[in-house]
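Per-chain numbering from 1; labels A, B, C and D assigned in written order.
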């Protein structure tokens, strides 16, 4: 085995990963999950342009919208490294909301913290405008088959 | 102050709470959040009948659907005790997924663990069929204004 | 397989579990972990009588003391059901602190939420004086070998 | 107010922060918390050299030891920015254990994700040998007075 701390090899490029995600969810659910911006070793970036059905009281983007984005971005970075055969299921997700999320583009940076044989752990940071201006941080655990 | 460990007084009954939730979210988002089943001191029960747009790969109910249900149930039990004036925002949510969620009714039992002046903490258990057969457990923190 | 929602069989009684925990940790670390009060299907209760080295600023019991107690109680309820052969390691722990913990006995109630083949999830509630008066709640995930 | 995403001003240098932590805990508890390596805007690094009483079954550093280190490192980075007057208490801590922790030096990098008026959120990464080789990641929430 290679050093587990070294960057891992990709099994999907950006277009192939986007196509795989598209075909994995019902079309009605798809818009809520945003789109792939880039795929790199240990890192997938996604972007969501929130729609009017994603608003919560106060005119801000709802928590469930952000949790859905964090979850799909974490899933995408796992898939990018294990490929389409594996059926990963979310085991746990812990999110902290840091700032109100405005009705603008939200970026999700999902980075692999550890890709084990049975469990993968992903750090996801959601931000708007400036990478340092976080809207939320999530740590997501995936069980691999 | 009353003993913080004693049951707290309700500010909403079931119908009023349901009406308040209905008016707080966009109609398009509303079906994803389920409906109020019962409201009691320290406890709100909700039920979601998952639709076809809530499916994820494997034909099971998606994680974001369950996180959205846990979040709204936690919000409902906080509102039930602080009333409509307060604008509570989710501060953190930690969920563990325990079993695949089938395309059947999902019950969410949200119970107040602590209602402080500035923070409320809620335990949410999602189950299908049998109260002991958990689909997920979440601990949700709310910041009170 | 038996119904996963039914109570599980015990592999340890209270004395055997206490002896196994005693021999598993260095004697110097042992006092920080409390003692077994009772062992029942899906439930282990432990008690910690905090010592002067467990205090944090403000004269209250420190967070790390409570996290250690939650972790060992969760480990104990897993061991009670999988037996001494299995080497369970903590995968994740999410704790919310709800009230200041006084220098009195702390009870930890650890309950199995799910005992799967590869992962176990445990709910732990720490309280003082009254079962409803929670000091902290933790959800602990264990990876089974 | 300054831009909340900009680096924040320090209220403590490394020596002053170390002295404040030393006087805040009982001497008997102090060794378990490691020592300050560096203090910079939004970032405190600590180091723990684990002792024989910090071992768990398997000869590795115990989870409670790592949780205690994560907690004190998160507290240190908050203190470094709010100063000695403020009495911050841990509100929540969510940790994922990623690799077995050997009996060698453990580094804790605590970084402020958000320093609000009432809540601070800190990302803590524990590693050995190589910054990319994480032993654990924790997200810690502090309530500010």
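By definition in this document, contacts are C-beta pairs under 8 Å (C-beta built on N, C-alpha and C of every residue); 3 or more make two chains touch, one makes a residue touch a chain.
Keep in mind it's a predicted model, so treat the numbers as computed, not measured.
Q: Looking at the contacts, which chains touch subunit C and subunit D alike?
A: A, B
Q: Identify the chains adjacent to both subunit A and subunit B in the sense defined at the top.
A: C, D
Q: Name the chain pair with more contacting C-beta pairs, choosing from B-D and A-D.
A: A-D
Q: Calculate how many whole Å lie between the centre of subunit A and the centre of subunit D, each centre taken as the average of the chain's C-alpha atoms.
A: 27
Q: As a quick test, compute the distance in whole Å between the mean CA positions of subunit B and subunit D.
A: Roughly 33 Å separates the two chain centres.
Q: For subunit C, give me the residues that contact two or more of the other chains.
A: Within subunit C, the residues that touch at least two other chains are 91-92, 94, 96, 141.
Q: Considering only the defined contacts, which subunit A positions touch subunit C in the complex?
A: Going by the criterion above, the answer is residues 91-92, 94, 118-119, 141, 143.
Q: Flag every residue of subunit D that touches subunit A in the complex, lowest number first.
A: Answer in residue numbers: 4-6, 94, 96, 98-99, 113-114, 121, 123, 130, 132-134, 137, 139, 141.
Q: Taking the complex as given, what residues does subunit B use to touch subunit A?
A: Going by the criterion above, the answer is residues 24-26, 28-29, 32, 52-58, 62-64, 67-68, 71-72, 87, 89-97, 100.
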